[in-house]
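Each of the next two complexes has subunit A plus one other chain: subunit B in the first, subunit C in the second.
Up next is the complex of A and B:
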């Protein structure tokens, strides 16, 4: 169906559609125009003038930059030397040091996958296959045990690759379940509807910490005794269930936005239910909910940091254990700032990308 | 016959649903069988009898009294009370701060709007647990020792060991006074409600004066004396006064800073969604900016704000479980401790899940009722 081109310029005087001009005010007028804004400016400016020098003194002027001398960090000032010294440990955890090129490649592969995903032109089946292959390669690289790569158990994985893998795998595994749950919730069949609503609402009513407790403490009790799932696997299970429930509500929102006529037309054409869903309803539904989907991705990236509570060695856990080195004066604030800035780069990147996508969709005016 | 059944949509749907239900039942049976076998193999007895045994572990701070001689049941109650206390405090203060953040971001002042914008972006894009740990690290390493504590106002000391405030003590027959004061407040609230229902005009100030006079009279009858104790440095720590622990301070600071960034954006979105015409019409009618906001814009924006705000309140309640990272004894930390002490993992986790589901449902119910109350009534 090609949309009918509609050119308003033929019918309407363009000048009438322009917004009215905004009166321009000088900077001084904006800052000190009336009593309220003058007061606000003075108070905010005063606070900035008070805080900025102290922060700059701590973070830059008094900070310790030269590595290799832990005792230099005893006096006031940020101990950035510690971050530089422990960078490999924070990024890769206790992964065998001579093998640390492997997690580095994994980080590179995640970046490659993200670059692949950025262009909407590539979205489709090939992207799903591409991500599956990438994740398989990443896991194989981390584990090793073939082609002369030494085997590394998951208990020695740590740092940034674990954070990234947890986010990617839980979102990727959670998405198919989310689609099933969303379809079930909108189904006319009472049994499927009840099971979906029950699952979604229970998971969404619980804190993630509770789910992680269930996974790390209860899961070994619920499964047969000879099934051994390691700590990382159990954590992935909890995060997947969590992601599935939250994604399901997002997908449901998209499904609600697809006109019923689409499904009815497909039925009239004799297209079976699953084909209708896969080729007609879902593509339209997902396109409608791209902004909330990226939002859920951000939430999941941030939530991976909670795995530290059940003892998985992610970037936050690695940073905390780096700080226990007795040679250094436990520079916790610096470590948390560093870890937070890495999370910030990831999440801010995703949110900027989502804004760009939204604008693009609006400009191209799909529908 | 069979092919006929297969092509009947009703028969097929019930067949598939029956299979699904059967599958779920089989799965549950399998899980229960595994659990029973595992518990038998480990010699764990399932049951809630342990709740009446003595807990024997300390809880560092609580809003209701607790000692290690109390039962496990009471330890759970203390955890629930702490969770509720933290949640309520965080929700109320974040809503107030969030409103200020929204107004600051909307203000025409570029300096203020820029600063709050930066704050919102930074806070929203980093995990809460990292922020909590950061504030806790600052509270336990960057603050001065009690000996040279930071003393901003007389009687207030900020130090590594926590924040010390002057405490108000009441002496005399406090229990009778508390009961009477509570009943006065409850009765007045009910009377005001009834008066509203019957459209009886009331002066708010007069009601307030009456309540304060009644409270004063009750206090005089019960011989209530007010005394204030200020914290004093004795040895290595402060004595007297009221202490806010570093854990509590870091937790509240982190939760409020994080949540108010989200609430600020929700409120700003709601205010922005109200048409410009409403502002212009209010100005044309001669209302000033504050009245326009409080009488025209906010009541309409509330309809847009309430649903996402409900979700945010719910996630704040769930976020309080992160307190276990900084060691504030809310329900999650107590559950973890009890599991370590007794090995009664299933029971403890079931308690935790039940409590959070109840809180979630209760908050949803209250907020849905409020939402119905302010919703647009269309005849």
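Up next is the complex of A and C:
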């Protein structure tokens, strides 16, 4: 009858597996502590030293920085001038140039949303409402057609706002579906269970590219002719379904970690099923799967770049299209590096955020 | 059993009426014709060997398990598939579990407040006041802002009792409330339960704490293999057990 044996298992597991503090090793110890480390350090260091001069020469010494002169870029160095000249096109695509303050504000609103998400005081319903309002404002701003804002069809949207909107909306809409699918998969009713498993496995079995083609080409053929759904809308639908299937499996893993006693206590107290799910079970389930949840979010951010294939103009699409300008000597490496660095900033940010979240959850249990 | 029929004569005085209840888990029969009537304000202790169906029986009283044959009536409401009846019964019946089942992601105070808000729609301020009142009654008002994981087992179980009491039930079910506790914490939980009994709460307690049974119980019920084998007032139960299995069980547990 030790107390450990009977404490709610979720606390015990973590306590038991809490690693002992690792003594800090010196940098030299890490690099040259044993023979393998020393060899690896020497080999890697050598490779870096070999490559460094060439990279520095290309990226800095021979690089062209002065803007407005494509012909200067004919030599061997990196053509950063091109990025500077095409920055607006890469960021905003073919959005009407005189209206590009609107997508700029949208990027600002996404940053505002990120700030909201960082504030624990806002977590819960307020955060959900906040993001919903923000996304609605973003879409309204992009579309226009009211208050003197000119109407801009989605076919002219492009660049970073499209990438951000696709990621935020597909993850945001995908999550509630994911919860339903995960609950369905654990349901006592065979029909619900079958439908959930079927949906999850079909979607996960298809490559995203296939799903995007189905949404953009097949769907219009299947639907009545007068049902014109916007191409961007169809793309969002495909991404949402894809995100939902992957998130569903993550959520299911979290649900499995919540002891049945939690639901029983809620039932005994008379808390209705859906409130139990939202306020008792899901918060615990999600806390347990923060790492894989983040992983899926990062993958979805990067997956949005595939929409280029069905002709939606995201940031990568805008960048590639900018590089086809015949005035410039095909500066693809520069473009890819630039776009990649923006993706990196976003994904690294999400990753750090998740680490911080995990630490918070752990501290609450141990204080 | 005869007690059931005798009490049926005064139904408005009956809190829980269990009549010929059978329960199967697949092929396995866990309850084999249980008859038990519990008066308002009565304290019943149920004991018996592990696997004899004690938990199953009290979980049927608030429909955490559904019985398949017989009748269970709580404060005049019969438990069937009818969701409204189930809700009505759960309003009347509070439950305390062996594993506490506190919500680990909520503070002690929120463990008491949240169910009031979610199940009853109680305004927050009122729910907080109620929660503080009952946390004081189980004598841990100072732990209100901690999380369950930071409390001892005894404290957690007292929070669980406070959480159930916040819903102001007229009947309380306890399923081995002290079995998961270190010996030195058993007393604080039992004391809380004794205080509750002194206030006149109707209680059905599954426990092997025979000291508690002697002191508090109006009746001790002994179960074995899904049946009630013996039912008597504590004095008689402990000094003159009639059934052989009861005797064997008591010999085991009192040593």
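Everything that follows uses one rule, which is that the second predicted complex is superposed on the first by the 323 of 367 C-alpha atoms of A that agree within 3 Å, B and C clash if a C-alpha of one lies under 4 Å from a C-alpha of the other, contacts with A are read in each partner's own complex, and residues count from 1 in each chain.
Rule of thumb we're sticking to: a contact is a pair of C-beta atoms (placed from the backbone, for glycine too) under 8 Å apart; a residue touches a chain by one contact, two chains touch by 3 or more.
Because the structure is a prediction, the values reported are computed rather than measured.
Of the two partner chains, subunit B is the only one touched by A:31; subunit C is not. Looking at the shared chain after the overlay, A:303 reaches subunit B, while subunit C stays out of its contact range.
Shared-chain residue A:287: touches subunit C; no touch with subunit B. After overlaying the two complexes on the shared chain, residue contacts for A:268 are found with subunit C alone; subunit B is out of touch.
Here subunit B and subunit C are compared by how many residues of subunit A each touches, and B touches more. Taken together, the two complexes place no residue of subunit A in contact with both subunit B and subunit C. Contacts from subunit A toward subunit B in the complex involve residues 30-31, 37, 40-41, 44-45, 48, 188-192, 195, 202, 204-210, 213-214, 217-218, 220-225, 298, 302-303, 305-306, 308-309, 316, 320, 330, 332-333, 336-337, 339-340, 343-344, 347-348, 351. Per the touch definition, subunit B reaches subunit A in the complex via residues 13, 16-18, 20-21, 24, 31, 34-35, 37-39, 41, 107-112, 115, 121-122, 124-131, 133-134, 137-138, 141-142, 314, 318-322, 324-325, 332, 335-336, 339, 345-346, 349, 352-353, 356-357, 360-361. Per the touch definition, subunit C reaches subunit A in the complex via residues 62, 64, 87, 90-91, 93-95, 97-105, 114-115, 118-120, 146-150, 152-153, 160, 163-164, 167, 179-183. Residues of subunit A touching subunit C in their complex: 1-3, 5-8, 10-11, 259, 261-262, 264-272, 275-276, 279-280, 283-284, 287, 364-367.
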